[in-house]
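Okay, handing you the structure first.
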Amino acid sequence: MAQFDVSEVVQALHQVRDEWRESQQRVKDPAARELPSIDAVQHIVEQLKGALFPMRLGPTDLRHENEDYYVGYTLNAALQALVQQATLELNFNARLHGQRDGAQLRSQAEAAVQTLVRELPTIRRLLDSDVLAAYRGDPAALGVDEILLSYPGILAMIHHRIAHVLYRQGLRLLARMISELAHSQTGIDIHPGAQIGSGFFIDHGTGVVIGETAEIGHNVRIYQAVTLGARRFARDEAGNLLKGQPRHPVVEDDVVIYAGATILGRVTLGKGAQIGGNVWVTESIPPGASVSQASLQRDKP
Amino acid sequence: MAQFDVSEVVQALHQVRDEWRESQQRVKDPAARELPSIDAVQHIVEQLKGALFPMRLGPTDLRHENEDYYVGYTLNAALQALVQQATLELNFNARLHGQRDGAQLRSQAEAAVQTLVRELPTIRRLLDSDVLAAYRGDPAALGVDEILLSYPGILAMIHHRIAHVLYRQGLRLLARMISELAHSQTGIDIHPGAQIGSGFFIDHGTGVVIGETAEIGHNVRIYQAVTLGARRFARDEAGNLLKGQPRHPVVEDDVVIYAGATILGRVTLGKGAQIGGNVWVTESIPPGASVSQASLQRDKP
Amino acid sequence: MAQFDVSEVVQALHQVRDEWRESQQRVKDPAARELPSIDAVQHIVEQLKGALFPMRLGPTDLRHENEDYYVGYTLNAALQALVQQATLELNFNARLHGQRDGAQLRSQAEAAVQTLVRELPTIRRLLDSDVLAAYRGDPAALGVDEILLSYPGILAMIHHRIAHVLYRQGLRLLARMISELAHSQTGIDIHPGAQIGSGFFIDHGTGVVIGETAEIGHNVRIYQAVTLGARRFARDEAGNLLKGQPRHPVVEDDVVIYAGATILGRVTLGKGAQIGGNVWVTESIPPGASVSQASLQRDKP
Amino acid sequence: MAQFDVSEVVQALHQVRDEWRESQQRVKDPAARELPSIDAVQHIVEQLKGALFPMRLGPTDLRHENEDYYVGYTLNAALQALVQQATLELNFNARLHGQRDGAQLRSQAEAAVQTLVRELPTIRRLLDSDVLAAYRGDPAALGVDEILLSYPGILAMIHHRIAHVLYRQGLRLLARMISELAHSQTGIDIHPGAQIGSGFFIDHGTGVVIGETAEIGHNVRIYQAVTLGARRFARDEAGNLLKGQPRHPVVEDDVVIYAGATILGRVTLGKGAQIGGNVWVTESIPPGASVSQASLQRDKP
Amino acid sequence: MAQFDVSEVVQALHQVRDEWRESQQRVKDPAARELPSIDAVQHIVEQLKGALFPMRLGPTDLRHENEDYYVGYTLNAALQALVQQATLELNFNARLHGQRDGAQLRSQAEAAVQTLVRELPTIRRLLDSDVLAAYRGDPAALGVDEILLSYPGILAMIHHRIAHVLYRQGLRLLARMISELAHSQTGIDIHPGAQIGSGFFIDHGTGVVIGETAEIGHNVRIYQAVTLGARRFARDEAGNLLKGQPRHPVVEDDVVIYAGATILGRVTLGKGAQIGGNVWVTESIPPGASVSQASLQRDKP
Amino acid sequence: MAQFDVSEVVQALHQVRDEWRESQQRVKDPAARELPSIDAVQHIVEQLKGALFPMRLGPTDLRHENEDYYVGYTLNAALQALVQQATLELNFNARLHGQRDGAQLRSQAEAAVQTLVRELPTIRRLLDSDVLAAYRGDPAALGVDEILLSYPGILAMIHHRIAHVLYRQGLRLLARMISELAHSQTGIDIHPGAQIGSGFFIDHGTGVVIGETAEIGHNVRIYQAVTLGARRFARDEAGNLLKGQPRHPVVEDDVVIYAGATILGRVTLGKGAQIGGNVWVTESIPPGASVSQASLQRDKP
């Protein structure tokens, strides 16, 4: 084996970390690393997926007469774990602001998770509408079960509909981590802040980006590489970005957006509009309108 | 720990599942969840990859004089498991149509897998041609081994060439699951129904979409974010999608399609045609032709 | 269970492998498969990530006063393993050229890894600048910790900055494997040869492609689906690709490139230039210039 | 790596297997290895242990209000798996006798498992009595929870009380495998055929052996290295062992047997008898009697 | 799959648990199962073993120059985890007595673990003396490394010397769990309360039992199946066992006890005494004495 | 989390290790920990068990027509790994004696493993005879398959017959590690040096100890807690143990030794002798003799 004296680089890395912490004005917190863990979040999402769709995404040895036992057991385990992760996030934020009220933050975490619990039936209903939309929108789909088992768009929406509830409860880091897990698996990047109606179908999906303040109606269909993005960022007088401003599109019911289209800024795509592939849209489109790309130029062969 | 009374949400979720099953006209089948498992399918594909390329994708302690032992052992295990998954898919389909003939379906599953076995040497030959095409087509490629170990396009083609055989044998869900595994890892979405000739090279690959009825000749090269898609979907008189109609492009031998190009509908790209980046093609292109995007508009600085 | 007589296909696959090896003029090397292993490389990268960011990407039970112990231990383990993988790559290359000098190659591997060790503090500093750039460039970012935990662009840059050092040390296969691991997780495909300055921010990221000879200055920001690619490949008189020629763009400091833009060939984007979404650029852009797509054509509703 | 040509030894081992199968008059069954799997059995026992003692041997995140969900889910999974293993055993036995009635054997397996289900509450009650006996019998025991978590005697009895039910249902191989799992962990070897009353306490336990036809009353206490064995084996006229004859001791209520005592043959230890350490007993002992070892001989120092 | 309606047995098991809890006068604590976990304890012991003997029981890729990094990192992780488990035990005990002072119990747990930390160098020194004693006492021992890697007696002593410190700190359940882990692996059952001097060697070991109040001097050697047990248990007037009374033997320096010997009660084996195999001792033996079994009786052949 | 400053104890442990190494006259070897790994050895033994009994101890999905593929593949992997572990042991020994000849030691390791390969068919034949002996010797045995799956005595003999070949090849540490793995699982402690004939049956087994120089003939049967040990150890003039002297019993063909019997020293148990339970034998027993314990003394009830 090779001999490496790592003591020098250990020392140098220590110094870089100190510089960073100083530049970020972080006190060396005596407490441990109290941030949510990606592995824990992934496990929780897997459990919630099983609880939402026990016979499709739960354990393979599950039987109908046994569903409720499984759902009850899994939910409880997932929720305990989620309260723990949520408390970690809230504590971390509080510490950044010099606060420290463990018990109160714990209650806040529990309340947020309770909200998620109450919304689970609604989430399942919305996801059922998404599955149906996929079945109706894709001539290659053989049945609803295939969609649940193998369509990346559905995977992304399961993650999103859970993440969005957490986002609304102020658990923004957890919400983001859940979204990124789906992004990594599917190439579909939906910010957990985006509001999305029922019957949403993303086909193929790789490269789709949907921004934080986007609002999407019912029965909207989009294809791969569609961007619903921001055009320019508002800044305050000091030149810092203003965070949280509405800056992404509003997409009304029944809109279809084909592959590669880019819609930027707080514009509105009116009800039933059809946006062609690869087009670049930076202004509002009236209801029922169709938009397509400028025709191409053919070189001589 | 937090206290959650989950009995209410368990009940509510039970009701949503009942509504869904009713709406889908599903009898509560007393049988267990009889669908293929993603984990099982992934394991089978890993085994087949090892059997196809034992010294590159098999176990690290394998030696040349030992290859056949490994290939024989691994193939047999993979095929047993594949028959089991195939039987699950066939049984599921049969039950949806009110049939139940376990033994006959089992034979059908075995016959399908036998077909795959017979085609494995051909699959390996085709994949060898794909590796060579990558080596010849990418100036950054150092050697054929690097391609097999680290090119996402090759990974996608290994999955596709296996999935396509299963698709042709009527195992459409298994085929789709194999494709999606590659899609998730590579961002390359090839429908298992697509027909692809030898020497196919996809460079970079993220965002590539190839539709179910696409037909691709020999020695075709495509880049990231290329779509070979459908333009519009045929519907029957009731307005339902007609499934299985030829609706994706035909790409003849030696065609090159650069990044971001979108080819839609049952058009033909003639032998040797070159399709420029980002272009939008909805009509056939004659052999040897070159197509490129309209020139851009420069704003004043 | 089904009965498969695999001996025939084992034989047929054996023959295909022999044909391939013959066509590639490979002697059946009595030595085992002596190539780096993807799993080993992934493990090494995980360890290096922990050593670079112990409190964020290291083990969850780590505490501040314990950081150096962890960093020292982890680095040493990672470096031992990396020397082993590097030796495998160098040996493999040497054998292809008929050489065999284990001890000398081992020293070469150790020297390459020593170089990486020395550069780790610099890498950490560069990554800190990337994190800050993300925080400053994304209105949705809540804090620097969220960025490290959930932004795919940062993950891609951690991999790239490690891979680039190995690439410069001649460990091109290892470098490529590290890049592809990030590509698979993020959809961002940065060739390890690309030179990238400090404060680099890739937002969303899916579909980004950055070629081997690209040169990127400081404080550059790019969005999803941006390509910095080659236009055409130089060939020698025999028609073979010339490998290693500068063929990708030079991007100067402070450039911004919006989603879907494609920049091809050895062109220069001048300091502070802004490249609009979806545009297609094949010639140099002067400093400070803005480029955007031709306006779209609206069909009648 | 070393080069081994294993083809010769593979051939030689093949021949030894053929000889063995011929000597055992086994046809080379075309069916696969259809015997229960140790790993599967171990997993089933772990599940049953959790279902019997959910808050002590179940998952650590379980809460009181959630117990029934966990018990129901776990039981169902364990029972499905047990039916599968039981069917494997019954099929194997049937094949040895030239029979083949899959469906009927499956029903038999299900009936056996149903019997176990019905007896689970009784098993739990018996185990509770065993825990109490340990608490009352060991001055070092701090509480009943410590006993369940760390006393090998209780672990052995959990396995035995499950195994005994299966033994009585004719699943002798499964029963034996469950017993051996406990034997391996605890050094306590109880044949699943042994009949054991309530309130049984084995202290320390290593080396305890209890034979197939032993009968043990209520509130019996034994210490390490106690043997309840057979004295001699009955043989038929051909000299073959007669299997299944009563040949082990009967131990009546309230008996105490100290460490290392050996009781052999179909003798009876009467109610309340006390058997001293290391003694060797081959005849019946009347109720209330005390038996101890001959005094020792002291050498001169 | 079989159909089992488990709801009846779930209900019946629920009732048995209620009866047990009532009989044990346990309120249904709203808190979760707050007891130490066997898996957690096992992991902690593995870490402590690595920290005590880094080059023999630590990770295989460890190097001398790296030892302190590993020891520091591992210790810290082990101690954090141990504080957590210790707090669980203390909380559980407090709740049984109706107390609830989380913060104070946490401090108590930390103090106990601090004591273990301070004693680790002493523990290592004692274990070194045990290794040397094994080397000197076993003609089959080839070297000290073999002893550390493969002698069950040493494994048992590593566990014991850790467990004993915890026992003295009042963490009796954790101590017992650590002892039982060794008992299960080695068949050597040392109660964590036993006091054992330096240079202790247990050869073979299976069946050895050493009781809670045993006191063993320096350089004592014992063989398999030796019992240092209690003779009779003191009871109070109500007939309950008196817990914690001295009731096991005192073994002075340099004593040797051969296989199968049983020493019972609070007797003293004087300095240098030799106890023969299989003997039964219930009275004190003077220093330097030899004790052996009564001669055997030979039957006629 | 608790705060522990471990730097002091890290330093103290460092010092204890230095003292130990000095006392053992060990130079701080710059090389890494070059000793065999228990995990690696366990994996190798599992593979060899599968190769010896493919349909019983190999993978559950194995089929008859596939056996040779599995055996060949598994053997090769096991042998490669074994050569590596053997080289580690030989190197370690050589370094202790100040030698360093890697290549020559590697050849020695390969030769030792080649010997094991050649003996595998003989080992399988001997194990078949052991299985038959168990079937003939235990009235509770239902069939030969049960014995292979659940008898600890057979597990111990599989380990021993492999370990003994390695012991004879000078790989004493590897041999010992293999033996201890069986000891830990079964409580049966057979030194790998012991010579054991065919048809050997150990019933129950816990507590059996068989010493290094024991010689056991054919068709010997022994029960739990039997010791074949040394009586006293020869020492040289300096008082050091003489290692390797014959000091354990010789047991001739057809001997039976019942539970708990202790045979000590280089005595001979003549052909067909029967040794009763719990007896203590320190002199030779003539062929055909029966030996039993002195009768017990009964106290008054």
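In order of appearance the chains are A, B, C, D, E and F, and numbering begins at 1 in each one.
The working rule: contacts are C-beta pairs under 8 Å (C-beta built on N, C-alpha and C of every residue); 3 or more make two chains touch, one makes a residue touch a chain.
Here's who's who by UniProt: A, B, C, D, E, F = serine O-acetyltransferase.
Owing to the predicted nature of the structure, the values given are computational and were not obtained by experimental measurement.
Asker: Provide the labels of all chains in contact with subunit A and in contact with subunit F.
Answerer: Both-contact set = B, C, D, E.
Asker: Taking all residue numbers at the subunit B/subunit F interface, are over half used by both copies (same) or under half (different)?
Answerer: Interface between subunit B and subunit F is built from largely the same residues.
Asker: If every chain is reduced to the average of its C-alpha atoms, which one ends up farthest from subunit C?
Answerer: The most distant chain relative to subunit C turns out to be D.
Asker: Going by the average position of its CA atoms, which chain sits the greatest distance from subunit A?
Answerer: F
Asker: Compare the contact pairs of D-E with each of B-F, A-B or A-E and report the one sharing over half of them by residue number.
Answerer: Duplicate interface of D-E: A-B.
Asker: Compute the distance, rounded to whole Å, between the mean C-alpha positions of subunit C and subunit F.
Answerer: Result: the chain centres lie 51 Å from each other.
Asker: Round to the nearest whole Å and give the separation of the Cα centres of subunit E and subunit F.
Answerer: Result: the chain centres lie 25 Å from each other.
Asker: Hunt down the residues of subunit F that sit against at least two other chains at once, touch-wise.
Answerer: Residues 1, 3-4, 6, 10, 30, 32, 61-63, 65-66, 68-69, 71-72, 76, 80, 187, 206-207, 225, 260, 278, 293-295 of subunit F each touch two or more of the other chains.
Asker: Provide the residue numbers of subunit A that touch subunit C in the complex, in ascending order.
Answerer: It is residues 1-2, 4, 6-7, 9-10, 12-17, 20, 24, 28-30, 32-33, 35-38, 92, 96, 172-173, 176-177, 179-180, 183-184, 187, 189, 191, 193, 206-207, 209, 211-212, 225, 227, 229-230, 233-234, 241-245, 247, 260, 262, 264, 278-281, 286-295 of subunit A that touch subunit C.
Asker: Could you pull out which subunit D residues touch subunit B in their complex?
Answerer: 1, 3-6, 10, 32, 61, 63, 65-66, 69, 80
Asker: Which residues of subunit D touch subunit A in the complex?
Answerer: Touch list, subunit D to subunit A: 59, 61-63, 65-66, 68-74, 76-77, 80-81.
Asker: Sort out for me which residues of subunit A touch subunit B in the complex.
Answerer: For this pair, the touching residues of subunit A are 51-52, 54-56, 58, 60-64, 67-68, 71-72, 75-76, 79-80, 83, 106, 109-110, 113-114, 117-118, 120-121, 124-125, 128, 136-146, 149-152, 185-187, 204-207, 223-225, 259-260, 277-278, 293-301.
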